[in-house]
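Structure incoming, see below.
For clarity, chains are labelled A, B, C and D in written order, and residue numbers in each chain start from 1.
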Amino acid sequence: MRSKTFGSFAEAVADIPDGSVIGIGGFAAPGTPYNLIKALREQGAKGLTCVGNTTGGAHQPRMPDIASLVENGQVKKVIASFTAATRPTDVLPFTKYYESGEVEAELVPQGTLAERMRAAGAGIPAFYTPTAVGTELAEGRETRKFNGREMLLEYALPLDYAFVRAHRADASGNLVFRLTQRNFCPLMAMAAKVCIVEVEEDILPAGALDPDAVHTSGIFVQRLVKVPAAPEGIWAVRREERKK
Amino acid sequence: MRSKTFGSFAEAVADIPDGSVIGIGGFAAPGTPYNLIKALREQGAKGLTCVGNTTGGAHQPRMPDIASLVENGQVKKVIASFTAATRPTDVLPFTKYYESGEVEAELVPQGTLAERMRAAGAGIPAFYTPTAVGTELAEGRETRKFNGREMLLEYALPLDYAFVRAHRADASGNLVFRLTQRNFCPLMAMAAKVCIVEVEEDILPAGALDPDAVHTSGIFVQRLVKVPAAPEGIWAVRREERKK
Amino acid sequence: MSDNSARPIHASAPSGAPATGPVKGWDRQQMADRLAREFQDGWLVNLGVGIPTLCSNTDIGDREITYHSENGLIGYGPVLSAGQEDLHLVNAGGQNVSLKPDSVTVNHADSFAIIRSGRIDVTVMGAYEVGANGDFANWKVAGQKGGGIGGAMDLAACAKRVFIILEHVTRKGAPRLVPSCALPVTARGVVTLVATNYGLFAPTGQGFRVVELAPGMSFEEVRAATGAPLEG
Amino acid sequence: MSDNSARPIHASAPSGAPATGPVKGWDRQQMADRLAREFQDGWLVNLGVGIPTLCSNTDIGDREITYHSENGLIGYGPVLSAGQEDLHLVNAGGQNVSLKPDSVTVNHADSFAIIRSGRIDVTVMGAYEVGANGDFANWKVAGQKGGGIGGAMDLAACAKRVFIILEHVTRKGAPRLVPSCALPVTARGVVTLVATNYGLFAPTGQGFRVVELAPGMSFEEVRAATGAPLEG
């Protein structure tokens, strides 16, 4: 089997061209591919469309997130369920770039965002959902009644690349996530042409994972990079900071 | 916690009314709820709509299957991906009832059948698919082009009841399937108002299953019945027959 | 699953109103408690970030509630203190929660399948405004470009019941219970129960029916602070 | 993953044609072998029930092929003999197959997500008829009410390539390679390669191009048995 394992984050993201559409997994910390985002910031690709639940929070210390790519001038557009925090007093690093018009954004309800990527990965070009009917997000858009209830037409959201973080992987790219680390990650893997995974544990030989307990099949996974020990592994930084 | 465990298959199916829409899990033998089908045949509900991949094969010995409910006069309509075998010389027990007009049938491509139940369980009233475009199944139906490709509109398929067979379950109804036993079972559980499960192993206390390795959450599962040892467990019958 | 029953009920002053001598109105925990007492045995409940989270502190006896978090967590227990937490396990607010014996994790599409298919018995959310017509607004403030939706629109459109917790008036004293929302709505006609620091209310279409007044609040006082007709 | 390389190539007589002295045409295994040799390294392959299953017996050297079975099995190995089988593990034909080290199971919706999203590099199926226009028919015979679709329509509409294996003529000698199908089609314009007992052919729109003739078959002989123009 051709190895899917890359020796560094830099190598794993080296060929990503300008203008790519990249899904960034994670919900809060779990599943967020901090190392891959950091590598992409160093790689420098521009004109990116980044898809994620959020653009990153206002927490200190700052972690590598979509907003950090925005700050680095690499992002043209963001597709997310937040362009601002729910609490008006929390100011997200991203928000000013959007408000000033430097970066475009498409605001999508979280479940619709997940389902649009699942649809892309399932060959479904479009589907109907009750979510957002009657809101500003549905203005001027196509709706249709099913069983008397108005539904909004939503389109698949395909990705060029998915960046995800998994707990375990085998050499053929089968992935297992731990607890709430899973979130958007399997859907982004399905929706993407190329899925790049940062893996917390040592990459296992094929056969080490229970076939019934794999969350993402290796047919959706092209590249694996082992997360090094702290402090390079980044995660630990936040853990240490939290202890203070 | 209110117990979801029933003492017998008869009790678990006792209240199923005439006219119910029932999904029957399984693909070939794995996942097929033979014991529940047998109990439903004894229970006698009529005017049923049965949903499954097939109506059952021509194999001997006959196992409890949708066709056996048809033979018993309980079925009004079948929704399946086969009303006849692919090989014209294989005559399915069901086919003659359909050809004579005694039972209606809706023939649905297998992936569309799975996705229609998944949609019902996911609150998606309808979706578009490339499958069956340009075929007899699409005649007179609504299609639409996405990215230049013609797609067929398909509707969610909700169920009143799902009958499935699982390998392990805990007392709260969380299910784990083994190997290809999973097939349609989790989708039928999602699509149904009431999911009834025949469980191969002893029903486990809550906490015995890895939360990351559960295939169907207990919130989709209402009733559990432990499959008794052979020969009551039925499965073993076929295994023994095969050895002859 | 009332694991939180031993937790103290917060006894802070009513928020949004000065603490003046005798108890007047509900504090944040009491607003949450009042809604939580509506939860029925066996319900699947989704709690929004902020005050709604406090509903899980309420003692509701032996009623079994399963909490659903939209990031793919079905069934979870109390927030854990620093050092005790599992960093792979967070609720929708990013708090490190604990597992229950029957907890299950799923991906985001499966989590919202549960929401969209109407299996959430109640979602409890904060809001800026609630309309007498059952609309509410909680994702965008006036004049803002974009906003913060998260899972709110999915939950609001699809849960069996939508309960709202909010301060009865703004900091400037303007009513938050209004005939119809001025802000962009999150969903239309879905709210069935609203807890404020002044009491518990039900939108009726034309106004708000008083289900219960908080201690020390008079009907007249609440009517004056409500933007839509108050029904006794 | 050519685990089947040690298996003998079947040496039965060409099916659908009498065994007359010198070798003439391909038998079922040889038809399957010829298509399997088109499989490229790394492909994800779905084999239909019947003759297509024989493709997994073919020795294609060190090319790694992953077999997908629509009942939710990604990666599987040879069919096991009675007594050795795991009754929870079947392929799409209901045969008890074996696991490979990287095998994964998924549910039916996830299995068809793989198919519908175009990730199957090739699906190999049997058919009653193939049209020069790339249509094919394999789910319903003439005059039949209903039929047997299974996963064929999903696979045919969505796989990157559709290869067909069928006897060149019917038992009555009528051609199965025709300008366009008389039977209800499974999908339109999708077939790129057809193996028959007479050789390997590619639909061109107007006719069929001969990619390779089976041993002992002449162009003229095949042309006479083909319902659409044969191109050299």
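The rule is short, and it goes like this: a contact is a pair of C-beta atoms (placed from the backbone, for glycine too) under 8 Å apart; a residue touches a chain by one contact, two chains touch by 3 or more.
Since the structure is predicted, the reported quantities are computational estimates derived from the model, not experimental observations.
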{"item": "Contact-richer chain pair [A-C vs A-D]", "value": "A-C"}
{"item": "Per Cα centroids, the chain farthest from subunit C", "value": "D"}
{"item": "Cα-centroid distance, subunit A relative to subunit C, in whole angstrom", "value": "28"}
{"item": "Centre-of-Cα separation between subunit B and subunit A, whole angstrom", "value": "35"}
{"item": "Length of the line joining the C-alpha centres of subunit B and subunit C, rounded to whole Å", "value": "38"}
{"item": "Where subunit C touches two or more other chains at once, by residue number", "value": "99, 105-106, 109, 112, 115-116, 158"}
{"item": "Numbers and ranges of subunit A residues touching at least 2 other chains", "value": "115, 118, 122-124, 129-130, 177-179, 182, 211-212, 215"}
{"item": "Pairs of chains in contact (touch as defined earlier), listed by label", "value": "A-B, A-C, A-D, B-C, B-D"}
{"item": "Subunit A to subunit B touching residues, read off their complex", "value": "115, 119, 122-130, 146-147, 149, 151, 155, 176-179, 182, 210-213, 215"}
{"item": "Complex interface listing, subunit C residues touching subunit B", "value": "42, 44, 64, 66, 74, 99-106, 109, 112-119, 158"}
{"item": "List of subunit B residues in touch with subunit C within their complex", "value": "1-2, 118, 120-124, 170-172, 174, 190, 205-207, 211-212, 214, 217-219"}
{"item": "Subunit D residues within the subunit B interface of the complex", "value": "49-50, 69-73, 82-83, 86-90, 94, 99, 105-109, 111-112, 115-116, 126, 138-141, 144-154, 157-158, 184-188"}
{"item": "Footprint of subunit C on subunit A - complex, ascending", "value": "27-30, 53, 57, 81-88, 95, 98-99, 105, 107-112, 114-115, 117-118, 129-137, 167, 177-187, 215, 235, 239, 242-243"}
